[in-house]
Every structure is written in C-alpha cells, then in structure tokens.
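What follows is a set of structures to go through.
In the two complexes below, chain A is the common chain; its partner is chain B in one and chain C in the other.
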Partner chain A sequence: MKGFSLASMKSHPSLIPLYVCVALGCSGAVLYTIRLAVRSPEVSWNKKSNPEPWNEYANKQHKFYSPVRDYSNIESPAPKYD
Partner chain B sequence: MPSLAVMASKKEVPQELSTAPFDPRFPNQNQTRYCWQSYVDYHRCRKLKGEDYAPCDYFRKCYESLCPFAWVEKWDTQREENRFPGKI
Partner chain C sequence: HTLMIITMILAMVLYFMASMIINELVDRYMLEGQTIELMWTIAPAVILLFITTPSLRLLYLMDEIHNPIMTIKTIGHQWYWSYEYSDFVNVEFDSYMTPYESDNKSMFRLLETDNHVTLPMHSFIRIIVTAADVLHSWTIPSLGIKADATPGRLNQSSFMINRPGLLYGQCSEICGANHSFMPIVIESVSTESFIEWIK
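On to the complex of A and B.
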C-alpha cells in the first residue's frame, strides 16, 4: 500500500501525524516498562545481592509528581537497629 | 429518639490516635510490603537487641496498624513452627 514506505509518504503526508502519535505511544510504553524494571522499589534483579530493593528509596522520591510532601529532606521513619 | 447532636456529644473521643507514618520506601497505594517489612523488622530487632529494646516497638506499632490480624496470626504460628518464610 502507498504511504507505508518513506518514499510514498510524500503522496500521503496526512499519515505523518498518525506515525508520530503511534511512535510516541509505543516509545512511552517501552520506556515506562523499562523504568518499572530498573527503578521500581519492589523489583530486584539479584535477590542475593539486593534482597530488599525498597531501601534505596528511604530518602528519595519515586513518583514523578507528588506535591503532597517535601522530599528534599525526607527520611524513612523506621529506626535503624543494625 | 434522641437527636443526632445529643448522640454525638455522648460519645467519648479517645486522645492520641495514631497510625503508621508515611514511609518513602513504600510510596504507593499497595502497602502490603510495609506490613511485611515492619513485621520482619520487629522480630529481627528483638532477636538482635533483646526483648527490652524500646526502639523495636516502632515496628510493632506499624505492623499492628497495617497488617490484617489473620496475617499476623498466620506468621506468628509459622514462626513458632520454624517455617516462617522470611529471614529473622
């Protein structure tokens, strides 16, 4: 079909916004899945060396948008016993 | 039938209500990890520091607020029978 290859797009330029939106959507989905895999507080790739991955977030923000509290000086309230 | 205002004034409101504080390690709606971690931390703290170490009580108050009673009973039974799945 015309409009699917780079050359024939010139004859169907109205398809370009479609390609842009699909590309944005797909890359957003892939990038967010990667973020979940490497940045999520509950994902551990090596259970022997990282058994409790949430401890990394004891003093930093995980959410993109969290206006409820000031994260610049935040600390986990749990006492350290070891 | 007494009015609602009268009924409300007869109820005593207990002071000093509190619950587990916000922990940035568990920022999302699903707080089951917070419950589990508090339970495990309490027993690890008691094992390391002895039964009278006061700071361990922070963890006990957290898991008592957060965890369903059924889970706490199940884990207590598992600990007594030495088949608790976490490292204590």
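On to the complex of A and C.
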C-alpha cells in the first residue's frame, strides 16, 4: 500500500500527522517506562548498594510539575530511621 | 423486541458493506483529498493540546498537600480499621463494626462502628493509609476521598472537613469474608472538643 515508505509519503502527506502522533505516543510510553525503572523512588537495582532508594528523594523533586513548593529547599517530613 | 432492533441494524450494516465491496464505480472527486485530511488531523490535535495543558496543571494542583495541621494513620486489617494519631499524644485504637440491633432504629445497619475517628473541622488533615494483611481501601464518599490500603506501602491523601457531624464510609477493596462489614466513621467536631477528646 502506498504511503508507508519515505518516498511514497510525498504522495500521501496527510499521513504525516498520524505518524507523528503515533511516534510521540510510543516514545512517551517507552521513555516513561525507562523513567520508572531508573528514577522511581521505589526501585532498587542493587540491594546492597541501594537498600533504601526512597532516601534519594528527601530533597529532590520527583513530580513533573510543582507550582506550590520548591522541593530543593525543604526536607522531607518523614521520620528517619538511621 | 431488542433482538429485532439488533437484527435490523445488523442487516442494514451488512447490506451497506456488501454494496460497497461489490461496487466497482469510483467517485473520482472523493479520493486523495490530502489537504483536507491534513487539516482535520492537525486541528483537533491542537484543540486537544489546548484542553490538556490546563487540565494537567489542575490535576497536579489537586494533589497538593497544603500544610496539614496533623497526620493520622490508618491501617486496614481483616476485618477492622485501626487508627493512630501520633503527632502530639500517642493515641491508637481499633474500629470494629457494631452489629445491627433491629429495634434500634436510629443506627445505620452496616455503617456504625464502636470507635469513631474524631477529627477537628476546618483543619487540613493528612492521612496515611496502609494495610497489615491484604488489600483494603479507605474511603469517605462525602469528603471525596478514597485511598487504597496496600500492605507494605504508605499512601498519602489529605482532606479538610467543613462541617461538624458524622461522615460514613465503607471498605472499598475486597478483602475476604467480612469485607462488607468494616465501615469507617469520622466524627467531625470543633477544635476545642477535639483537644478535649484526645487528652
């Protein structure tokens, strides 16, 4: 079928937004999964060197968008069990 | 009656499909409308972007916890809730459902508990929900709050009660034989009454 290769896209330019949206969606899903794997406060790849991965976020912001408070200035209110 | 309607609609759609497949005529003006296709793909995408941006912002803002004055912890067990107020004095209690007395018409069946969660009104309260054994869910529909109680995980939520009174809820995650029999009662009182109670 025409429109699937780079050359035939010129004769079907209306497919380009479709490819863009699908590519955005797929890459969003993949990138978010990778973010969950490496940056989630509950994932620990090496239990000996990182036994409590949530401590990394005591002063950092994990949310994408935080208009209310600046997380680099506040300490997490959770109790410390060291 | 319903089946007849379904059959008629199905027959009509099948007829349209068959006539399209068998039809060899081509409307030469209808195909290959690339510009209009481009427009009616991009324009709705842009409109959706305009809808998404404030919506996502609102979603993040709704989740914010604004300086709660106290934190209560609730732990779901099979089949009761236990509550801990650890901020000033250490108060801990369990909350079991009271069995229904059929001659006491002033109590709600399946909704009353022996210990109510007493909370001050007009105060922002943070609640941390977890479970001790299986999944439960802590909810008060009149406050618009529901948080799953997962063993091994702390889920945080927050609310503010604007009126005094009794607010009811029920466990919302199937947790065994008595899942329908572990209700939640919040008793919302003035701040002075709350301080009296907690002493």
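The working rule: the second predicted complex is superposed on the first by the 76 of 82 C-alpha atoms of A that agree within 3 Å, B and C clash if a C-alpha of one lies under 4 Å from a C-alpha of the other, contacts with A are read in each partner's own complex, and residues count from 1 in each chain.
Note that in this section a residue touches a chain if its C-beta (ideal position, glycine included) is under 8 Å from a C-beta of that chain, and two chains touch if they have at least 3 such contacts.
These figures come from a predicted structure and were not determined experimentally.
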Which superposed partner A:Y65 touches (first chain B, second chain C, both, neither): second
First (chain B), second (chain C), both or neither touched by A:C21: second
Residue contacts with chain A in the superposition, chain B compared against chain C: B
Touching partner for A:N55 - first (chain B), second (chain C), both, neither: first
Contacts of A:Y81 with chain B and chain C, given as first, second, both or neither: first
First, second, both or neither for A:K10, with chain B first and chain C second: neither
Touching partner for A:K47 - first (chain B), second (chain C), both, neither: neither
Shared chain A surface residues [contacts with chain B and with chain C]: 63, 66
Chain A-touching residues of chain B, taken from the complex the two chains share: 21-28, 33, 37-38, 41, 44-45, 48-49, 53, 55-56, 58-59, 62, 87
Of all residues in chain C, those that touch chain A in their complex: 33-35, 37-38, 41-42, 45, 56-57, 60-61, 64, 66
Chain A residues touching chain C - in the complex, by the definition given at the top: 12-14, 16-18, 21, 63-68
Chain A - residues contacting chain B, complex: 41-42, 51-52, 54-55, 57-63, 66, 69, 71, 74-79, 81-82
